[in-house]
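Labels run A, B, C and D following the written order; every chain starts at residue 1.
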Amino acid sequence: MIEPMAEYVDVFQVGARNMQNFCLLHELGKAQKPVLLKRALSGKLDELLHSAEHIFASGNEQIILCERGIRTFETAYRNTLDLNAIPYLKQRTHLPVIVDPSHGTGDAQMVTPLSCAAIMAGADGVIAEVHPNPASALSDGMQSLDFKQAETLIQQIRSVLACRQSLENI
Amino acid sequence: MIEPMAEYVDVFQVGARNMQNFCLLHELGKAQKPVLLKRALSGKLDELLHSAEHIFASGNEQIILCERGIRTFETAYRNTLDLNAIPYLKQRTHLPVIVDPSHGTGDAQMVTPLSCAAIMAGADGVIAEVHPNPASALSDGMQSLDFKQAETLIQQIRSVLACRQSLENI
Amino acid sequence: MIEPMAEYVDVFQVGARNMQNFCLLHELGKAQKPVLLKRALSGKLDELLHSAEHIFASGNEQIILCERGIRTFETAYRNTLDLNAIPYLKQRTHLPVIVDPSHGTGDAQMVTPLSCAAIMAGADGVIAEVHPNPASALSDGMQSLDFKQAETLIQQIRSVLACRQSLENI
Amino acid sequence: MIEPMAEYVDVFQVGARNMQNFCLLHELGKAQKPVLLKRALSGKLDELLHSAEHIFASGNEQIILCERGIRTFETAYRNTLDLNAIPYLKQRTHLPVIVDPSHGTGDAQMVTPLSCAAIMAGADGVIAEVHPNPASALSDGMQSLDFKQAETLIQQIRSVLACRQSLENI
């Protein structure tokens, strides 16, 4: 199933609902392309690391971990983006750790502050949903940035990263 | 009960387990000192704002809101510090919002990255537990910084705040 | 505070939001009346037992534990009534354990089946909200039984209890 | 993938971690055998019903829904078996609803009281793990009944069901 796609794919993304679909993980372990592995909605971090092991054990070492919001009792946002995951995972693995604040919060207004906070907490990257006109998006418009907001965010992230690196000298 | 204490107190702190102890909130509403109101372990943000209203309605406008970690299924840390709360609260209230990463994570190694992340997300301050020798602390030693770590954190927070303010010009 | 009430009170109820209001628990420990102690919205069962110890240690052994629904990610009901608590608590304490399905679910249609299930799981009793005309109740009408439903429930609980006792002979 | 198995299979079970593996659901929708669909660890009940729709829409109407414990903050048991799900689902669907108290609690001592409670709440059945010698089981021994306990449970369930049916005349 994976092979015919590989030619056209840069990165395989395993969605949160498939974090423990072990057949899929084993197939992706045989692919020669990076795999972006998202934490399940109630996935413990140790389970996320175990799922990464399944890919690794099948032969693929190019794995990116992604925090994308967990389910809690709080209904103020769509999910609860868990930035605690970043220092926890960075202490336990050499794998890159990125964050998805669009799905993590479900609210475009929260994407920029939480992206910057994630980088400051040690994240290696951010994936954010972008749409030319979020108000008319067919799906996930509420959590999407427009092109101008995305461009600003990219510049802000560069500043935050420079700041984080400068903290090491304090 | 509150009055005899007021002379010696700078700030009254309402612990997480008393966020909805309405008798206490009304008494503090009559005090002339600031009140630091912590979110309950499963307190919804709208409930936190309602508890602040109880203090406000009794006559005290000096209220500080504090995110200190919520209860979730994740057992990797003592609580799950919820940084989503910062932009959410800042959009809905003029009250200062601070964060307690010591109780929020229960792990001294996570206090510094999450303090910096909280400031970047828009927090107005951080409270962290500090002890001259955390290893011999009678309580909460695992989550306490020593004096040198605390001093470094203060300097780092100054840098992060300067960075956050500079982002507004991007 | 407690003493002037004692003359008029049959049972003191500690609401979920005050399960860890230790000043209140100590005062109730000095009272000569039974105390109904409700589990907090995110109260672990071991914390509920510790709170009972606080009352006990102050001198009052007449304590009733009450499961009344916890906070989870599920929004289909107001709270998630946790019937696992019944066998867990009954194995660890001699105290009576009762259940509040009205607050636990927030839905009058669920009160009867969950009351019967709670008795079958080993509960010593049920407290349910009753109102002569739930549709016009000023508060909690959605979760209230009318008089006729309450009468039927009482008869059903008697049958369920008889059935539970008969199971011991199988 | 499904077809070669169908000859040897009585019921296809979709485990909790695959409740939203839509490819799998569509394949099972083409099978001529019943499908036992388990609720995900943080699966909302409306999502469980949507997953059932995916099977249904692909042509298979033989679907059994199964509550098997959700993830909450409570660590006293492995999962929190959610018996509220039973009356909720029975009001919204004609599909049979069963309960798995072995995975739901992870504790053999809780299996019997919660099985009886589930039947009393309206469940159409129970699946429980059974092992000739749970203490030496290679997996899930802590939550398994031995043969004698299982036989007793079956008899108890018959009594509980008779009791539940008799309640309809009260």
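Annotations
Convention: a residue touches a chain if its C-beta (ideal position, glycine included) is under 8 Å from a C-beta of that chain, and two chains touch if they have at least 3 such contacts.
Everything quoted here is computed from the prediction, not taken from an experiment.
A centroid comparison over C-alpha atoms places A as the chain most distant from chain C. Here A-C and B-C are compared, and the pair linked by more C-beta contacts is B-C. Rounded to a whole number, the gap between the C-alpha centres of chain A and chain C is 42 angstrom. Taking each chain's centre as the mean of its C-alpha atoms, chain B lies 33 Å from chain C. For chain D, residues touching at least two other chains, in rising order: 42, 71-73, 75. Only residues 42, 71-73, 75 of chain D touch chain B when the two sit together in their complex. On the side of chain A, the complex with chain D involves touching residues 17-21, 40-42, 71.
Every residue of chain D that touches chain C in the complex is listed here, in rising order: 42, 44-46, 70, 72-77, 80-84, 86-88, 91, 104-105, 109-110, 113-114, 116-122, 152, 155-156, 159-160, 163-164, 166-167, 170.
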